[in-house]
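The chains carry the letters A, B, C, D and E, assigned in the order they are written, with residues numbered from 1 in each.
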Amino acid sequence: MNSIVFLVVIPLIAAFLSLFLGNLNKITMYIVTLFNLIFSISVFMSGKIPFNVAIGGWKAPFGINFVVTDITIYFLLLVNIAALMSITMVKDIKEYQFYSFYFVLLAATNGMVLTGDMFNFYLFTELSTFAIAGLVAYKRDRLSTGAALKFLILSSTASLFSLSSIGLIYKTLGTLNFADIALKLTKLNQASYNLILILFLASMLVELKIFPFNLWVVKSYEGSITSVNMFTHGMLGTAGIYGAIRILLIVFPNMYNTNISKVLVILSVFTVLIGEIGALKEKNLVKVLAFSSMAQMGIFMFGIALGSFESIKGSLYIVVSNYLAKLVMFIVTKQYSRAVDSKNYIDMKGLGRKYPILAISFTIAALSLMGMPFFAGFWGKFSIVISALSLDRLSTLGIAIILIASVIEGVYYLRISHTFFVEKDVNSVNISRVYSIIPFALALLILVVGIYPNSIEQMLFNVIDEIKNAPNKYINIILSLK
Amino acid sequence: MMAVLRVFLFSLFAIFIGLLFMGIGRKVIARIQLRYGPPFYQAFLDVGKLFSRKSITHNFVMDLGMVMSLGGLLATMLFVPIAGHVAVKTSTNLIVIMYLMAIGYLGMAMAVAASGNPNATIGVSRALTMMLGYEVPFFTVMLGLIIVNGTSSLELISQSQAGSILNWNMIRFPLSFIAAEIALQAMMGEKPFDAMIAPAEIASGPMVELSGKYLGLAFLTHAVSIFVETAIIVNLFMGGASNIFTFVLKQFEIYLITVFIEAVFPRFKIEQAVKFLWTVPMGIAVLQLILILLK
Amino acid sequence: MTKIFILSSLSLVFVGLYGVLTRKNIVKILIALNIIETGINMLLVAFGYVEGGITPILQSDLSIANLDKMVDPVPQALVLTSIVIGLGTTAFALSLAMRYKDTHNSISIRATDEEGVNV
Amino acid sequence: MKDEKSLFINIVALLILSFMAFYIYKVSIDTGEGIKITDNITPKMRVADRFLKKNVLDENSTYNFSQTAEDTSANIVTSIVVDYRLFDTTLEVIVLFVTILGFGFVIPKDRRRILKPSVILYRWSPILMILMLMIGGYMFINGHLSPGGGFPAGAIISTAVLIGVLAGRKTVNHKTLKVVEAIAGISIFGIGIASFIIKGVFFQNFLTGDKIGDLFSGGLIPVFYALIAFKVAAELSNIYFEFYEEC
Amino acid sequence: MIELLLVPLITTLSIAFFIKYKRVTWTLFLASNGFILYKLYSIYGMWSLSYSFNTGYEILGAKFNLGVSNNPIGWYFAFFSALITLIISIFSIGFNKNSKSNVSVIWMLIIFSNLGIFFAKDWVTFFMMWELMGWTSFFAITNGKDKALDGAKYYLSLSLFGAALLLIAISLLGAYTGTFEILPSAFGLLQIINSSTKLGIVILLLFLTTFIIKSAIFPFYMWPQKVYAEGPEDYITFMSSVMIKYGIYPMAIFIVPVVGSVNLPRILNTGNVLQYVIGYLGAISAVLGTLLAIFQTDMKKLFAYSSVSNMGYILLGFSSMTIVGFEGSLFHVVNHMILKAAIFLTLAAVVFRTGESEMHKLGGLVYRMPLTFMTFLLGIIAAAGIPPLNGFGSKWMIIQALMSKKMVVFAIAMIFASTGAFMYLFRALASIFLGQLPDRYKEVKEVPLTMAVPMFIMMVIMLLVGVVPGVVMKPLTTALKAVGYNVDIASWTVLEGSLKNATIDLKIVFYMFVAGVIISGLMYFFGNKSETVPQEDNYTAGEYPEEWGVDADRFNYSYSFYQPFKEMFDPLLESISIDDLFASVGRNFEYLSTTIQGLFKRGEGAVLLFSIGVLLLILGGLII
C-alpha cells in the first residue's frame, strides 16, 4: 500500500496546477476530493490494514513513515467526507488562491492523519494553519483579516512551543517517530516528561479549542464563509482530534499518572461552561455554532482527560455526533442565511415551515449535540458520565458542571429550532431542494447511530482497543517492519 | 321504603329544630338588647310567607344552586348521628361530613354569584375566606380527638365519652372545646364573624338578590346548618345523648352560647377575622394537639 | 559551551515572548515572534551540538574516521525547515498586517474588528 | 500604541515569564530517575547515529570515503534534508508556496507606486546579478557535498532577482515566476511518482551506485536540490515583487 | 408489547409524511390512539410481557439492552393516561380546526414517550423517554408561536436540568449496583444506603429532585403557570392532566418502596427522615399552590397552581408510607387526571370562543355555553373533593392515612389546601361563567360537537368514578397485588380507610346526596312560581348604574377577588419568591454570556491567555 502517499501528493500537485487552471479549478477540486475519498474507501475496504509505509524506503524510526491503522482510516474517511461535503458549499469563487489553499488544506489534513513522525506532523499542522488562515481571510474585509491575523499569531506562537517540545524529545530520546517515542518515553525523567508534554499540549489545545487557548475560534468562524467554516470544523478539527487521540493517548499515555490530566479536566470543564454560556445570548447563528463547537470539544477533551475505556468511547461518540451535526448545521445555516441575507437567526423566522427538511435536520443535529437520547450524542454523554462518576471527586464535580451547562445548550439550540418553525409567511430567495439532501442524509445517520449504536460500536471498539494496547500494537506495526 | 321514610323524617326534624333555634335565638338576642323581640315561632312564619310569595330569578343556575345548597346540607345532616341514630346505616365519618357540608356552601355561593349582583359576590368571597379561616382550627381540634380515639367516626367518638360527665371531651380537652366553640361561631356566620353578611356594608351580601322561595330555601339551609354544626359539637364534646330530647337540649346549650356571643360583639373585618381565627383558636387547638401527641 | 548556547537561546525565547505578550503593534509582535523563532532554532542546534564536534560532512577519510565526533545533523536539518516556516509565517503575517492596516486604519492589535467602528 | 506601556500587562507578562523560567529551571535541576533534559546525550544515542554511519538500511554495513553507501550525499545534513527526510522538505516548500498564495490573496492591490531606482544600482545590477546567479548555481549543484544547498541557493538567486527589481530592470515577470515555481513543485512530486513507478516506493532514490564525494553522486539529491533551489528562488522573488510593488 | 411503542412511532412517521393533509393525519392520529387504548386494555393482567432491544452498546462491561415490560403500576398509569389522551385528542381536532400548524406529529412522539416512560424496564429506557418527552414538550408548547417561548424555555431548562440530575443518578446507581433495571436497582439502592448512607441518600435525592421538577413540587412549582399561561390550550390540557404525573410514577415504583423500607432515624416514631422530606415538600406545595392559586387573575395560571397543590396531596399520600395513603395517592393521580382534563377542556373551550383567559375580563358565559359550564361545575366540585364526584375518595384516603400515622402537620396542610381550593375554584366559576355577560361576548356560541362530546364524556367519567370508585380502584389494587403489596382487591363502591371503623360507601353518599336534593327540590317545587328577569336587573339601592356608564364588565366583582386575604399574605409571598431566584440565575447567566462574548470579540489577549493556559498546565506538572 505504498500508494497511500498519493492522498497527500495528488492534492499538492493540484495545488500547483490550480495556479493555471482558472475556471477548471472547481472541477479539479471535485476530482481531487473524490479521488481522496475513493482512495481512502478502497484502502478501508482492502483489508490490508494495518500497514506502514516508509517514504523513500527509509524504515521507521529513521525516515518518515505513513501509518494506517484502524484509527487512521476512520479519521481519514471522516476528513475526506467532510471535504466532499464542504466543497458542495463552494459557490462563485473566482480566486485561484482559494482553491490552492483548499488543496493544501486537504493534503495537510490527510497528512496529519497519516503521518507517523512527530516533526512531519508539526509541518502538516503548520501547513493547515496557513491554509486556514488564508481561507479565513478570503473575504478580505475587516473582520476576516483581523481574525486571520490573530489566528496566525496565536497558532505560530503555539507551534513554536511544539517545535521546542519536538526539539526536547529529540534531545532526550533521539528519535522523532511516534512509535519510537512511545517506546522510549518510559525511560524519561518525570519532570522532563511533564515539560515536554506541557509544551506539546499547549499547541495541541489551540487546535482543540480548549478554553484559554481558543480565542481564535469565534472570530474565525464569524469572519469566514460557510465552506471555510466547514473546512475548519470537518477537516482541521477532525485532524486535530486525531492528533489528540494519537499523541495524547498513544504517545503520551503516561499523562494519566500526572496532574496534567487533572488540569485538563478542569480546563475542559471551563471550556464547556464558557462555550455554552457564551452562546446563550448570541444571535449570530455562525457564532452560536462556534461557541457550541468549543463546548463540544470541551466534552470530548473531558472524556479524553479522564482516560478510562468508557470515557474514551464516549469521547469518540461525541466526535462522531459533533462531526455529523456541525456539518448539517453549517449547511443549513448557509442556506437559510442566504435565503434571508442575514446570519441573525431571529431573521430566519418561518423558514422551517417553508423548507422543513433543512430545519428538521438542524433540529436533529442540535438534539444530538445536546446529548438527547435517540441521537448519536447521547451514547457519548452516557459513557462519559458513567466513567466520570466511577472515578475521583474532581471528575464527578466536572461532569456535574458539564451536564448542567448542557442545559444551557439545550435552551439556545431549541430556541433556534423554534425560531425556524415560527408561523410566519416568508418571501425569500428560493432554496433548491437539492441542498436538503446532504443535511438530511447526515441527520438520518445521526439517528441511526443514536438508535442502533451497534452500527459503529465495532469501529469504536477497534479504536479503543488500539489505544489501550498502544505500546504493543501500534509500535509493533511500525517498528517491526523492515 | 323504610329508609326513604327515615331520610324524610330526619330532614324534617332537622329543619324543624333549626328553625326553632333560629326563632329562640332572635328572641334571646332581643332580650339581651332590651327589646321585646319576635315570637319564638317567627322563623316558621317567615319561611311560610317566603314560600308563598312570587319570586324572581336570573337564570337556571340560581335555581340549581339553591336546591343544591339545601340538598347538600340535608345530605350532610343524614351523616350526623343524632342521639345515636343515623338516617341510613353508614360510617359517620367526620371528613365526609366536613366535605359534604362544603357542597351546600358551594351551591349557595353559586346561586348568589349567578344573580350577577356584585354585593352578593363580595359576600361570597368573604364567606369563602372565612371558611378557610375557621376550617383550619376546627380541623385541628378534630384531629386531636381523632388521634386520641384512633377513629374518624363521629359515632365512635361520641360513644367513647359514654358514662360520667367527666368522660366528656369537653372536660378532658377543655382547650379543644374553647377552640371549637370559637370556630363554631365563625362557622355559623354569627358576630363577630359575620363579615360576609354585613347588611350595612354589602346589603346582606349573598342574600341581596334572593327573594321569595329562594330566600326561603336560604333560610332552611341556615336552619339545617345550625342543626348540623351544633350536632357535630355535641357529638364531639358532649358525648352525644341517649335520647333525642337530651340531644336537642345539648344542641341548644351550644347554640345559646353562640347567641350570647353574637348579641354582644361587634363585627371583625374579614382579614381581622381570619387573623384572629388563625391565632387564638388555632393556637389553643395546636396546644391541645401537642399535649395529646406528647401523652 | 552548550550551556551558554542554550541559555542565550532561551533568553532570546523569553525576550520574544515578552514582546508578544506586551506589544500592541502588530509589526512589533511579528518581530517578537521572529525573535522567539530564532531562539528556538538556536536551541535546536544547541541540542544537537557535541563538545568539540566537527561538521557532519564527509570530506575525506579522516572525517569518516571521526564519525563519532560529528555534531548531530538531524537538528540542523530540522532547523533548516523551521527557518523556512518562520519566514513563511512572517511574510504571510506581514501581508495580512498590510491588509489589516488597510481595513482597520491602524496596526494596533487592539483595533476592533467590528464593521463600521473606527479604532 | 498608547497602551503599549501599560504597567499591568508588563507585570503580568514578567510574572508569567518568570514562572515559566522557574519551571524550566526546576525541571533542569530535577533529580528523579530516567533521562533528564540536561543529560549529555551524544548523537550515538539518537537516530542520527545511523544517519552518520549511513547504515539505516543495513545495520552492519560500514563504508569509506569514495565508496557507495546508501546512495546519499557526502553532506549528511543534506542527505537528511533531501533524502532521509525528503518529505519534510517538500512540505516546507509548500509552506513557502502557501505564503506566496496568501500574498497574492490579501495584499491590497490598489495604491501602488514604484520608486525610481538609482542610476548606480541600475548600472551595476547586471554584474551583481550574474555573480549571485553563479554563486547560487554553485551552491545547489554542490549542495550534497558542502554546506549550502537548495534553500540558500534559492535565496541567493532570488536576491539577484531582487536587485533586478530594485534596479528597475526587467528580469522576469510574475507569470514566469509562477510557471517556474509550479513546474519545479510538480517536478519534485513527479520524480516522487516516477520513483513510485520504478521502485514501488515514493521518493525512493532510484539513481544508485554513485560514490560519496563525487559531484554526480547522491542519486536524485542534486536534482531535488536544483528543483528546490528554483522553486525557492521563484517564491522568494515573488515575495520581493509583492512587497516592492507595494511600497 | 413492542407494537405498543411501534405503532406511535410509525404513526409519527406517516403523519410527518402526510403532514399537508389534515384529514389523513387526524384520522391516523385518532386510530393510533384508539389502538393504543385497545391494546392496553387487552394486555391487562399479562404482567409477564416484555420486550428488549439489543443496542450493541457496551457499558459496564456488558452489552446493553433497552427493555420495556408490562409493569402493573405502569399499566395503571398508562391505561388511564391513554384514555384521557384519546379524549383530549378528539377535542383537539375541533380545537385545531383553524390553526395553521399541525401538532399531531409532536403529539404522537409525546404519546410514544408517554408509553415508554410507563413501561420502561430499565433506567436508561426510562431516561431516553424522559428526555424525549422534555424536548417534544418544548415544541408542543411553543407550537410555532413566539408568545409561549418564555414559558417553554423555562420548562425546558428545568426539564433538562432535571434530566441531567437523573442521568447522574442513574449512572451512579448503575456504577455502584451494576444494573440499570429499575426493580433490582431499588434493592441495590437499599443496600447502598445501608452500607454507605451518604452516597445512597445523595442518589435518592437526585432521583427525587428530578421527579419533583417534573411534577412541579415546591422549589420548582413555577413552571406550570408559566407554561400554561401561554401554551396552546389543548396541549396544556394534556400536560396538566397526564404529563405532570410523570414524576409521580417513578416515585411510586422506586422512591416510595425504597424510602418505605429503608432503615433511617425516625421522627416522633411516625416516619423516617426521608418520609418527612417528601411530606414537607408535598405540604409546602399543597399550601403554597393553594395560596398562589387564590391570588391569580389568569384562569390558566390559577389551575396551574391548583395542579401544584394537587401534586402536593399526592406526595403527602406517599409520605405516609401506608398502603391506604399509597393507594389514595395513586387513586388521586387518576382522579386528578380526569378532573384536570375536564377543567382544562372547558378552559380551552372558553379560550377558543372568546380568546381571553384573564378571568376579570370574562363573565356570565353560562348563558352562552351551558354545557361547558356544567362540565366546569362538575370539574370544580371534583377538584374541591366534594363527595358525589371523583376527587373526594382519594383525598379522603390520603387524609385517613396521614391521620392514622399521626402526621398532624401534613394533615392540617392538606385540610388548609383543600379548603383553600374552594376559594380559588369558586372564584374561577364565578368570574368566568357567572355574573354579568359583557357585551362583547353576546355573540359567543356553544362549542362545536367535536369539542362538546369529549366534555360530555368527561362529565360522565367524573360522576362514574365518583360514585363507583372501583372502576379505578379495582385495576389499581390488582396492579398493586401483582407487584407484591399486601392489599385486598377493592370493591366497586366501598373505600377502606386506615383508621378504626373507617369505610365509606360512596354509593350511599351519592344516595344521600340525591335524597337531600330531592327533598330540597320538593321544597323548591312547593314554593310559588318564579319569574326570570334579565341579568342586568339587579338590586342597586335605587341607583341606575347604566347612567354612570357602568357596563356589565365593571359590574362584575372579579378583579382582586380576595384582596383583603391577599394583603395578609403579600409579605410572606414576596419573601419566598423562588421565581426571583431563578430569574436572577438566568440574568446572571446572560450577563456572563455578554462578558464572554466580549472576550471573544476582542481576541487581542489570545497569546496572553495562551500563556496563562500554559501556566495552568505547568502548575499541573509541578505538583507531582
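To be clear about the criterion, contacts are C-beta pairs under 8 Å (C-beta built on N, C-alpha and C of every residue); 3 or more make two chains touch, one makes a residue touch a chain.
The UniProt protein names, listed by chain, are A = Multicomponent Na+:H+ antiporter subunit D; B = NADH-quinone oxidoreductase subunit H; C = Membrane bound protein complex subunit mbxG; D = Multicomponent Na+:H+ antiporter subunit B; E = NADH-quinone oxidoreductase subunit M.
This one's a predicted model, so the numbers in the text were calculated from it and none came from an experiment.
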### Message
Just to be sure I understand the contacts, which chains border both chain E and chain D?
### Response
A, C
### Task
Give the chains in contact with both chain C and chain D, ordered by label.
A, E
### Query
Where centres are the averaged C-alpha coordinates, which chain has the largest centre distance to chain A?
B
### Query
Which two chains are joined by the greatest number of C-beta pairs in contact?
B-E
### Taking each chain's C-alpha mean as its centre, the one farthest from chain C
B
### Summary
Note: chain B sits from chain A at a C-alpha centroid distance in Å of 78
### Query
How many angstrom lie between the CA centroids of chain B and chain D, rounded to a whole number?
106
## Note on the structure
Here the gap between chain B and chain C, centre to centre from mean Cα coordinates and rounded to Å, is 98
### Message
Taking the mean of the C-alpha atoms as each chain's centre, how many Å separate chain B from chain E?
### Response
35
#### Entry: Shared interface positions of chain C, touching two or more other chains
17, 20-21, 24, 48, 74, 78, 81, 85, 88, 92, 96, 99, 109-110, 113-114
### Task
Would you pick out the residues of chain B that each touch at least 2 other chains?
none
### Query
Where in chain E do residues touch two or more other chains at once?
601, 603-604, 607-608, 611-612, 614, 618, 621
### Summary
Pairwise touch list, complete, is A-C, A-D, A-E, B-E, C-D, C-E, D-E
### Task
Report the residues of chain D in contact with chain A in the complex, numbered from low to high.
23-24, 26-27, 30, 32-37, 39, 41, 43, 45-48, 50-51, 56-57, 83-88, 90-92, 94-95, 97-99, 101-102, 104-106, 178-179, 181-182, 185-186, 189, 192-193, 196, 199-205
### Query
Contact residues on chain E for chain B in the complex?
268, 364, 366-367, 373, 377, 381, 384-388, 392, 395-396, 399-400, 403-404, 406, 408, 411-412, 415-416, 419-420, 422-423, 426-427, 429-430, 434-436, 497, 499-505, 508-509, 511-513, 515-521, 523-524, 526-539, 541, 555-558, 561-562, 564-565, 567-568
### Task
Spell out the part of chain E that touches chain A in their complex, as residue ranges.
19, 54-60, 100-101, 124, 127-129, 131-132, 135, 138-139, 142, 144-146, 149, 152-153, 156-157, 160-161, 164-165, 167-168, 171-172, 174-175, 589-590, 592-594, 596-597, 599-601, 603-607, 609-610, 612-614, 616-621, 623-624
### Message
Please output the residues of chain C touching chain A within their complex, sorted ascending.
### Response
13, 20, 26, 29-30, 33, 36-37, 40, 43-44, 47-48, 74-75, 78, 81-82, 85, 88-89, 92-93, 96-97, 99-100, 103-104, 109, 111, 113-115
### Query
Quick one: in the complex, what on chain A touches chain D?
2-3, 5, 9, 12-13, 15-17, 19-20, 53-59, 61-64, 95, 97-98, 100-101, 104, 107, 111, 119-120, 123-124, 126-127, 130-131, 133-134, 137-138, 140, 145, 148, 168, 170-176, 180, 187-195
